[in-house]
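Order of writing sets the labels: A, B, C and D. Residues in every chain begin at 1.
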Amino acid sequence: MSTSRLETFADGVFAIAATLLILDVRTVGPDLGQSLLHIWPSYVGYAVSFFTIGIMWVNHHTVFEQIDRVDRRFLFINVGLLMCIAFVPFPTRLVALHIRDEGAKAATLAYGLTLTITAVFFSLLWFVGALRGGLIKSDADPRTVSGLSRTYWPGIVLYLAATLVALVSPGASAIMYAAIGLFYVLESSIFGRNV
Amino acid sequence: MSTSRLETFADGVFAIAATLLILDVRTVGPDLGQSLLHIWPSYVGYAVSFFTIGIMWVNHHTVFEQIDRVDRRFLFINVGLLMCIAFVPFPTRLVALHIRDEGAKAATLAYGLTLTITAVFFSLLWFVGALRGGLIKSDADPRTVSGLSRTYWPGIVLYLAATLVALVSPGASAIMYAAIGLFYVLESSIFGRNV
Amino acid sequence: MSTSRLETFADGVFAIAATLLILDVRTVGPDLGQSLLHIWPSYVGYAVSFFTIGIMWVNHHTVFEQIDRVDRRFLFINVGLLMCIAFVPFPTRLVALHIRDEGAKAATLAYGLTLTITAVFFSLLWFVGALRGGLIKSDADPRTVSGLSRTYWPGIVLYLAATLVALVSPGASAIMYAAIGLFYVLESSIFGRNV
Amino acid sequence: MSTSRLETFADGVFAIAATLLILDVRTVGPDLGQSLLHIWPSYVGYAVSFFTIGIMWVNHHTVFEQIDRVDRRFLFINVGLLMCIAFVPFPTRLVALHIRDEGAKAATLAYGLTLTITAVFFSLLWFVGALRGGLIKSDADPRTVSGLSRTYWPGIVLYLAATLVALVSPGASAIMYAAIGLFYVLESSIFGRNV
């Protein structure tokens, strides 16, 4: 199977998961002005998750640019990865609604676990699906290939660390989720990849 | 009409149906941590239906790779098939919400009927739309064509059997729906198809 | 502007509008089995609207196959048409919920008006956008072009008639909406078009 | 990275954001006929936001037709822009629900701020991402390039003005939002751009 059809389906899931995030931005209470200020965590959650999905979409394409065909194993790891990405709106809603009440720990744990498992599936897609599966193009840029290999472990470690922080301080872990997103916006220079 | 536009529309429906599944994962009750554990059937239902839609998407593409044009009959069988796939989030929600109460039988029956009818439409698309319609490419791989022909009857039989089991044991039928998904992830070797 | 990008956007709107229909299939009441039988108008509404959107998508492509470029006027008529198609889930929900209560007349009127206006926009796209705009390909099949021209007026007339019937008998108009969909599935032979 | 994949993702977000608008058109109250008339601001809000998103989609493509590659900076400005566009259904719902009650000022302010920030991101995409980033095609039409440059400042100014008007007269600002949309449907002749 060629990669292009797979990308259309994946692009759809990324775009829909990101756009569905807005359905969970909702006001409550009688005074609209006050309510719009009160729900600021919904805006922050929307922005952080939208950008995180956007970054993962960019990363997903970088993976697909290094390969020229897919096999069945790669295909199903990819479905697993998309299943994680489409799940993101759920813990985003939890964090936005509960970051200021006693549900904060459960909400930030759920967010962190989702992103950690997503990072694990990204590693599986790259190390097991693409590299071990022998799908890398013969003319792939070695700098990008080794750059991608260096990208995935930190992702798992960072999200796992932030998830563990949620056990102690949900607020701190929420800040870490935003910071990890920012880190990946800037990371290409750190890991020496182009694009 | 060429097949490529049809695939864009179909890819959209598959991707949206899979991604909409997350809208039905919802917590209830005051204690968020407890609620997140309590709704585990929602996670299982989400995963099983996401993977089932993913498998059907892979299968749909394998069909489209064997044909090089579509006629009006194929087109409308395809719309019927997509109508079934877009319906999947509804019985998924029912099973997730009711598998532990007295609605379990009705919910697992609804799930099974939806998937059985979907399997029938897949057979119609292949046997009536593609084969009888004479749409198969002249250079299609005969091994894949005959492999596809052997794939569809077991699908109908398996889903129908699991649906009938729902009359006796809803829990057992729910496990069968998950097992059928797993079977189709692994089936390519069983039916001797490549991809 | 080339037509291909416009088709990607349009395909997205068609696919999403059709798939969102499932969000309005919802059970009510404590007994799930009874509720699943009770909401049969939701299934019929889902199927009729899904097929109607599917037919309009096929028709939309037939229009796009006759043209090789678009201008600004065509572009905005097309946005108006997509606005109508994305509106369809709303009156579909109304008919499904109210066909058996005193809201039936209002619901079937809303459904009919939506489809009538959609049919008017289809005519505008074809007669004003494509034909008067001079966008038809030099090598377009004259039989398909004249077949399309004969398709649109009956659509407006049929939907307008069914809308007027809603004033007297909502049930009869609902049956007419389903029949018009069926008519357009079969119409290619009637109007002598291929595809 | 080539521009085509980016456009698929962007087209998805535009199409989904526009189509999700219908989820917020909802009737309230027991009398369906009366309710359908009462919620007229929902129809106007739906139409204005659908057309505004449609116009921005056309504009987005005009930008993409002038460039032949993207860099990381362009990529993330683009994610920011899509984040704004996917946000539009939220203030649209607020205006539709509250334009006739004491929440009108907060609702129209929220709508105006969203569109103003979106206009700022469009300027960033063009002036910083495309022009300063040196991504413009060598064979781009200079008339279209300079026409685009003249388009963005008025957009920011117009939306900011309408937002400020919301502080005094929410109704007047709502009319201005519709008028700005209409202005951009007609603007190509004003700014001397083709398409």
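Throughout what follows, a residue touches a chain if its C-beta (ideal position, glycine included) is under 8 Å from a C-beta of that chain, and two chains touch if they have at least 3 such contacts.
Computed from a prediction, not measured in an experiment: that's the story for all the values here.
Chemist: Between chain C and chain D, how many degrees of rotation does a Cα superposition need? Round to steps of 5.
Modeler: About 90 degrees of rotation relates the two copies.
Chemist: What is the chain whose Cα centroid lies farthest from the Cα centroid of chain C?
Modeler: It is A whose centre lies farthest from that of chain C.
Chemist: Same residues or different residues: which describes how chain B and chain C meet, taking over half shared numbers as same?
Modeler: Different; most numbers are used by only one of chain B and chain C.
Chemist: In whole angstrom, how far does the Cα centroid of chain B sit from the Cα centroid of chain C?
Modeler: 26
Chemist: So how far apart, in whole Å, are chain B and chain D when each is placed at the average of its C-alpha atoms?
Modeler: Computed from C-alpha means, the inter-chain centre distance equals 37 Å.
Chemist: If a residue has to touch 2 or more other chains to count, which residues of chain C qualify?
Modeler: Residues 8, 12, 16, 20, 23 of chain C touch two or more partner chains.
Chemist: If every chain is a node and each touching pair gets an edge, what shape is that graph: line, ring, star, complete or other?
Modeler: If you draw each chain as a dot and join those that touch, you get a single closed ring.
Chemist: Under the touch definition given earlier, write down the residues of chain A that touch chain D in their complex.
Modeler: Listed in rising order, the residues of chain A that touch chain D are 7-8, 11-12, 14-16, 18-23, 25, 27, 31-33, 36, 46-47, 50-51, 54-55, 57-58, 61, 65, 185, 188, 195.
Chemist: Report the residues of chain B in contact with chain C in the complex, numbered from low to high.
Modeler: 1, 5, 8-9, 12-13, 16-17, 20, 23, 71-72, 75-76, 79-80, 82-83, 86-87, 89-90, 94, 98, 102-103, 105-107, 110
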